[in-house]
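Before I ask anything, here is the structure I am working with.
So that you can tell them apart, the chains are marked A, B, C, D and E in the order they are listed, and the count of residues begins at 1 in each.
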Amino acid sequence: MINDKYANKIVDIIQNFARKSSLWVVAYGTGCGAIEIPPTMTSRYDAERFGIRGSATPRQADVLLITGYLSTKTLKRVIRTYEQMQDPKYVIGFGSCTINGGMYWDSYNTIKALDQYLPVDVFINGCMPRPEAVISGFIKLQELIKEGKANGAQKYKENLEWYRENQRKVIKNWKMPDYNW
Amino acid sequence: MEINWLKVLGILITPVIAFIVGVTYGGLTRIITARIQNRFGPPVTQNFWDIVKLYSKKTNIQHGVMQHLAPVFAITASITTLYFVPVIRESTVFTNLSFQGDLIFLLYIMVFGSLGMALGVGQSGNPNGAIGVSRGLSQMVGYEIPFVLAIVAIMIQFKTTNLNDLIAMQNNFNHWIIFQSPFAFLAAILAFLGMMGYAPFDVVVAPAEIASGPPSEFGGKYLGLMMTSRSIFTFAKLTLFTDIFLGGAGDFVTLVIKTFALYMIPVLTGIVNPRFRTEQSIRFFWAWPTVFGILAVLIVVW
Amino acid sequence: MNLTPVQFVAIPLFAAFLIPIVAKISKEAVKYIPGIVFLYLAYVAFTLFPKALEKPIVEIIAGFKPPFGIVLYFGPTAAFLVSMVMVVGFVIWLYSFKFIIREPSEKYYMLFMMLITGATGIMLTGDVFNLFVFFEITAIAAYSLTAFLRDKDGAEAAFKYLLIGSFSSTFFLLAIALIYSNTHTLNMADLAVKMQNVDVTTKLFILILFISGLGIESELFPLNGWAPDAYSQAPTPVAAVFAGIVVKASLYALLRLVFLMFNWSEVFYLLLVLGVITMLVGEMSAMRQHQIKRMLAFSSIGQMGLIVIAFSIATVPSLQAGFFQMVNHVLIKSLLFFSAGYLVFHSGSKDISALDGLGKEKPITSFFFAFGALAILGLPPFSGFWGKMFILMAAGNSHLLLVVVLILISGIIEAVYYLRVISRLYFYKETTKEVRRTPVSGLVAMGILTVLIIILGLYPNTILAYLKPAANDLLHRTEYINAVLGQIHL
Amino acid sequence: MIFYVTSILVILIGIYAVLVKKNLIKIVIGLSIVDSGVNLLLISIGYVKHGTAPIFSRPDLTAAQMVDPVPQALVLTAIVIGLGVTAVALALVIRLYDHHKTMDINKIRKLKW
Amino acid sequence: MFSISGIFITTFVSGLVAFLLHHSVPKIRDWFSIVIMGVIVYAVWELPVKANLLSFKLANYNLVFGNTEYGRLFALIVAVLGFFAILYSKDFMEGKPRLGYFYMAFFFSIGGMFGIVYSQDLISLFFFWEIMTWSSFLLVIYCCKEAQKIGLKYFVFSAIGAYSIMTAMVVLYSSIGSLQFADVFAGFGKMDFWSQLLVVVLLLMGFGVKSATMPLHVWAPGAYRITPSSFTAIFSGALSKMGIFGIGLTLFKIASATGFYPWVQEILAWIGALTALFATFYAVFATDAKTLLAYSSIGQLGYIVTGLAIGTPLSIAAALFLTVMHAIFKGMLFLATGAVYYRTGTTDMTKVSGLIRKMPYTFLTALFGIITVSGVPPLAGFSGKWMLYESLIQSNHYFLVVVIFFSSTAAFLYLYRYIFSLFLGQEEKETENVKEVPWLMRIPMLLLALATLVFGVAPGLLLHPVSAAMKYLGDFGVTYQTSVLFNEWGNKVDMLTVANTIGVVFIIVTIIITIKGYRSTRYVTTKDIHTSGEVPTENENLTYAVDFYKPFERALGSVLKASVDKIYNATGRILEQSFDYLRYVYTGNGQTYAMYVVLFLTILVVFSELIFGIKL
């Protein structure tokens, strides 16, 4: 108990470094962008260099990758997956569809702006973004984590009401269990 | 009662050493895998950071007390196994409690962790987990036969069930059991492949099939503890095999060389192989490895 | 009044003729006559028993000395059997008291007393022709009793019984004719002496006639066609009488004659084989019977086979075992018939399948049946256990291991069909019908049997002491001959 | 000798009737014939050629000249018994006919197996 | 004060009294039984050890009763387990029909078992053996219509067993002339070879039926399943031990002097091992919890038989140790299953799941039970298994140890399935209102669980009576300390160190992991699991309970199809059918019967030379 503040800081630095260097991605291929993941992970681009690894279940994952357009039907599943992930958790919006709807801008059953429904930490531009872009997006996320700024989960927790309202607007049969923090 | 402080020291630091070695081996494995796949691979410390990250998760969930305790069971088994295996030959510090137990005890205590894990997985209520456990237990029935045959052959041959005695008998290079009883080694090492759970015997975790199976509901600190336990357990098993077949180790360098060499067998097998189905895996163990085991016993008997 | 063995024959006979007369005055009073007779005769039997054990009582009828006159021989065997008949007869009477509700009941009691006369006569008489006469008295009473209910099946059963019974008497009479033509005597003791001089072929022919004739009434296998029908169609107490008294008496007659005159090992071997076959066929046929009383009848045949086996081993322990098993069989089979009688009566059908759930409806009667079933399987602590045990041990001592095994196999078959009935009684259907009572006299009768079974099971020594003299008496003919004729050296 | 052969023949005829004839009455008659045969046999056992009745009607009679009295006594009894049995049998036949309306023994087979 | 006759009379009379109480004052029936059982436990404990405590002459046979160390071990198992079972019965059996009958049969079977273990001659052993058989038969058929066939099978097999014993007794009596143990043990060696062999085989067969040794085990799964659980605990825990008791007597007191003894041992050991193996396979694929436990019992008894058959001091110690342990853990498991049945009304593992949070104590019992069965340290099952393996290896039974070890590993499969299906897994809506069982049912379970822990840490406590019992069986000595086990090569396992290590590590790690992130750890229901984002509805079945070990089944292939049961059933059917044909001899035609008579006479006349040796 010499100096709580410094001790906490050191612990924070170590933890953030660990979080940064070990990003486990829950494999949830929503749209066409999912096809860009295999090249990212395999020998040509080898994302494992940065500690990025796939994970089979959301319980173990840190990063939720929304790979492209997101239909309203899929949104419900994505929300549940996101909520099943453990804090700290990050969302990467992948491709222009997640930013403004992209080529589905006037589709009746895709969502246009992902950040109205989930707290996105990093958007990756492009249609499709190439693996280089994906990796650069991850590196951006790592930087944010290292600085302690990737606090999407925090935001989600604080503005849960607002997010829920938006989510309920698009999802017709809302039969989700309540998220007890 | 007089307390041997050196022993206490050994008891305290052996798990730490085991953890470090295990984690490093894990990292190396990933690098080697990457290199074989023509990739660069993660840093060697990657597994360590993974574990730290898991411990530093801000939220954790559990489905009940058994899931809470499951990783504890696992790590208890790992550490206890480690304590009852002589790490360094004839060392006061690193033989720990190995004089208090014997091989059959080790066979059983190694199951303790799996049992605890299985219980935790059961409580998590995830059907994938249960499927994984079912596969794991079935496969265990498979590889246990050749392994026991090998162990029995050795125990009969050397008329002891204590590891220290076994090590003492292999005091010379050409007395290693791997040379004295090669069929036993073959049987045991094939069983060892199954025990380690690398491909082609990775039906248990099979990530693409059953969402990583047993640990699918474990996250955060629980998964961290499980990974810690796995690192320690890997080291313990490797040391055990080294003690049995390669004459143990007189110092840490020899230990690392021998264990690493042993470790590479399942790893390299795993990299180049696809996955068996469960029944294929079981039948594999009941075929050649068992024959080797029986041969080993028969040779000893004659 | 002086207590003499002749009373065993005379008093029932007298009672039998008294009954129709009394019936003219009071129908109720008739019912009590057999009970009084049995009580008195049981008293006589138990009084004379110790004397008979000391020295066989030989009573000479009408003053002619044997071998010319007719004698009654009251030795240990006869004493034992007569006591058994009296006790069982009393219990059967008690049971009949409320069971025989069909008129004319006085005829039932009359025939019953006639039958007892015949049976005790068979056990006591020392004269072959007298034996025949008593035999016929028993038989005619038995035919009539079988048809007593006057129904379709009763008449059929009785006719079959009569048909085969006539053969029995014909053979018997032929045998007597042959005996007389060769020896010119009818006294059994005298015969035992004189038969030695008869040439062996004639002797053999006589023996064959005896075995065929008496074997019919003793339910030996190919000759027992009448038994299942008669048992199942006669009124229940009569079935008990058949199982307990008629069959036992005729078996005794057969054994007595064989032991006296044909003491060859081949005969015993033949009887052993017949016994085994009878036992197996009886048990096997009982397995799939649909009617409970028919099942009991076949079981009875099986048990008789067992008893014949015991006797044909022909050693003191085996005879002892045979007698013990006789007692068991009398007690247990009567209990089973009694309880089955009321069960059938209340279920309204003779079929086993109609018994479902009667355990709740008639708890006490069902209990007695279950008890009897367990007892007859030879389970301890019931008396059946010791009977079987003695027989097996005796067979083992004579190195008849195959017989032992066959007895045990038949025991397993027996278990299967008896336990099926118990299952049906208690577990097939949960009825909520109210309890229906069995008349007290029936319950008392069954209760007495139950108590006797338990006592014999827990403490077989009670009667075992009397069985040894009985066995000796039957096995060693010298004593018999000496007792009747005075000291004659064979 | 002729007595013996005859009586045995009579017995065999009776047995034949019992075993082969289907009519109940005939069977009962068969039984009676068997009875008669046996009685005949018994009587013939005691028969002494040219013997007299076993009564000391003349003082010079010896026992050897008389027929044997015992078989005669036996036969008397046997006849009585035979009569009884026949009576019972006939009573049963009447009863059977009442119930079954037939005299054929093959058709009176309700109790079997 | 505590005499053998006292114990017998108390047991049997209280059976009758309980029956009468049920029909007069049913309220005190249960407590009466409990108190009596308690007294009996005390009496059995206090009964002095003496070979001849009571002897009298019954029906020409000398009946002798005495308390040997060997018998005392088994008597204690019976008494203590009986006490627990009857304590458990009070609530468990409440409201069931025919309770008087239940208690009577219960006491009678207990009394029968006392009789067996205390008898010093074969007659009284057989006497009580049969009492035990029929009273337990009454309990098998106790429940319902379905039980009848099973009960019949049980009885028929018991009868086969009992009658083998009987035949052996007949042979013994005809050659020795006495059936007292003392005479039999002394006189057996003088018999000729074939009689000896016959007697030993028959005795082993007879006792093997009760200990459910293959291929005479087929009655056991059904019978164990159908009896009320409180009695199944006794059935499997104590009653089957009577077979073990007899096998021990046969092997070490009767047969040990014979020339073929090693062969008998060898064959019996293999039979035991194969029993263990196949029973384990069947257990793995059972769907009913009690059937599973039944097969498990058969398997465990197989180990015990093997241990006894090997006949080295260590293996006998292992067998007797496992005997006691099996009584304890199978008692626990059957009681726990009974508790599940008590609350949910079924023991079908595909229908019940997720009871752990509703029935924590029951779960704890089951957990201790399965850890003990599987032989994982530090609980007591390990000590027994360890001794068994060591003894097998050291007596050069290489392949036997592999078979045993294999079946022991395969046991994990069914044990896991048992606890997973009942207690773990999804919490279903049907079991929402399930509560923990009453205290009277919990206490026996928990006490037994405690016993496994105590004996696990200090196996010496149990080895003390076991080695005393071994002294009776022969000159067998086994080295042990309170917590240390030694094998014959001098290697050892210190159970105290093991328990300490496991305990300390376990507690430390538990504390750490509980404190770390205590606040951020939250409990979620079992519906909240990873289902690929889908929200499971209430009726969706997320429990993996059907065909749990399908891959293993496929791997085993046709091994499983072999079934003695089918052979027995076919034999039974064929026999019954042929008996049915046999009774057609009774055609119902009076003339035919008359024809039989004439034919019989003719045959006797014609074949007279053959039959009587005299030409007619």
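Here, a residue touches a chain if its C-beta (ideal position, glycine included) is under 8 Å from a C-beta of that chain, and two chains touch if they have at least 3 such contacts.
Quick caveat, the model's predicted, so the values are computed rather than measured.
Chains making contact with chain B as well as with chain E: A.
Path length between chain A and chain D in the chain contact graph, taken as the least number of steps between touching chains: 2. Seen from the Cα centre of chain D, the chain whose own Cα centre is farthest off is A. In this view the innermost chain, defined by its CA centroid being closest to the centroid of all protein CA atoms, is E. Inter-chain contacts peak for the pair B-E. With centres defined by CA atoms alone, the chain at the far end from chain C is A. Each chain gets one centre point, the mean of its Cα atoms, and the points for chain C and chain D are 28 Å apart. Chain centres here are Cα averages; for chain B and chain C they lie 79 Å apart.
Between chain C and chain E the centroid-to-centroid distance comes to 44 Å (mean Cα coordinates, whole Å).
Put simply, the C-alpha centre of chain A and that of chain B have 35 angstrom between them. Of all residues in chain B, those touching 2 or more other chains are 57-61, 211, 216-217, 220, listed in ascending order.
Listed for chain E are residues 520, 522, 527-528, 530, 532, 583, 586, 588, 590-591, 594, 598, each touching two or more other chains. Counting partners per residue, chain C has 159-160, 163, 167, 228-229 as the residues that reach two or more other chains.
This structure has the following touching chain pairs: A-B, A-E, B-E, C-D, C-E, D-E. Those residues of chain B that touch chain E in the shared complex are 55, 57-66, 68-69, 71-73, 75-76, 79-80, 83, 97, 100-102, 104-105, 107-109, 111-112, 115, 118-119, 122-128, 130-131, 133-135, 137-138, 140-142, 144-145, 148-149, 152-153, 155-156, 159-162, 165, 211, 216-217, 220-222, 225, 277-279, 282-283, 286, 293-294, 297, 300-301. Interface of chain D with chain C (complex): residues 11, 18, 24, 27, 31, 34-35, 38, 41-42, 45, 68, 70-71, 74, 77-78, 81, 84-85, 88-89, 92-93, 95-96, 99-100, 108, 110-111. Across the complex, chain D is touched by residues 129, 133, 136, 139-140, 143-144, 147, 150-153, 155-160, 162-163, 165-167, 169-170, 173-174, 176-177, 180-181, 184, 186, 228-229, 232-233 of chain C. Contacts from chain A toward chain E in the complex involve residues 28, 57-59, 76-78, 80-81, 84, 87, 175-177, 180. Contact residues of chain A toward chain B in the complex are 14-15, 17-19, 21-22, 24, 42-43, 46, 48-51, 54-57, 59-60, 62, 85-88.
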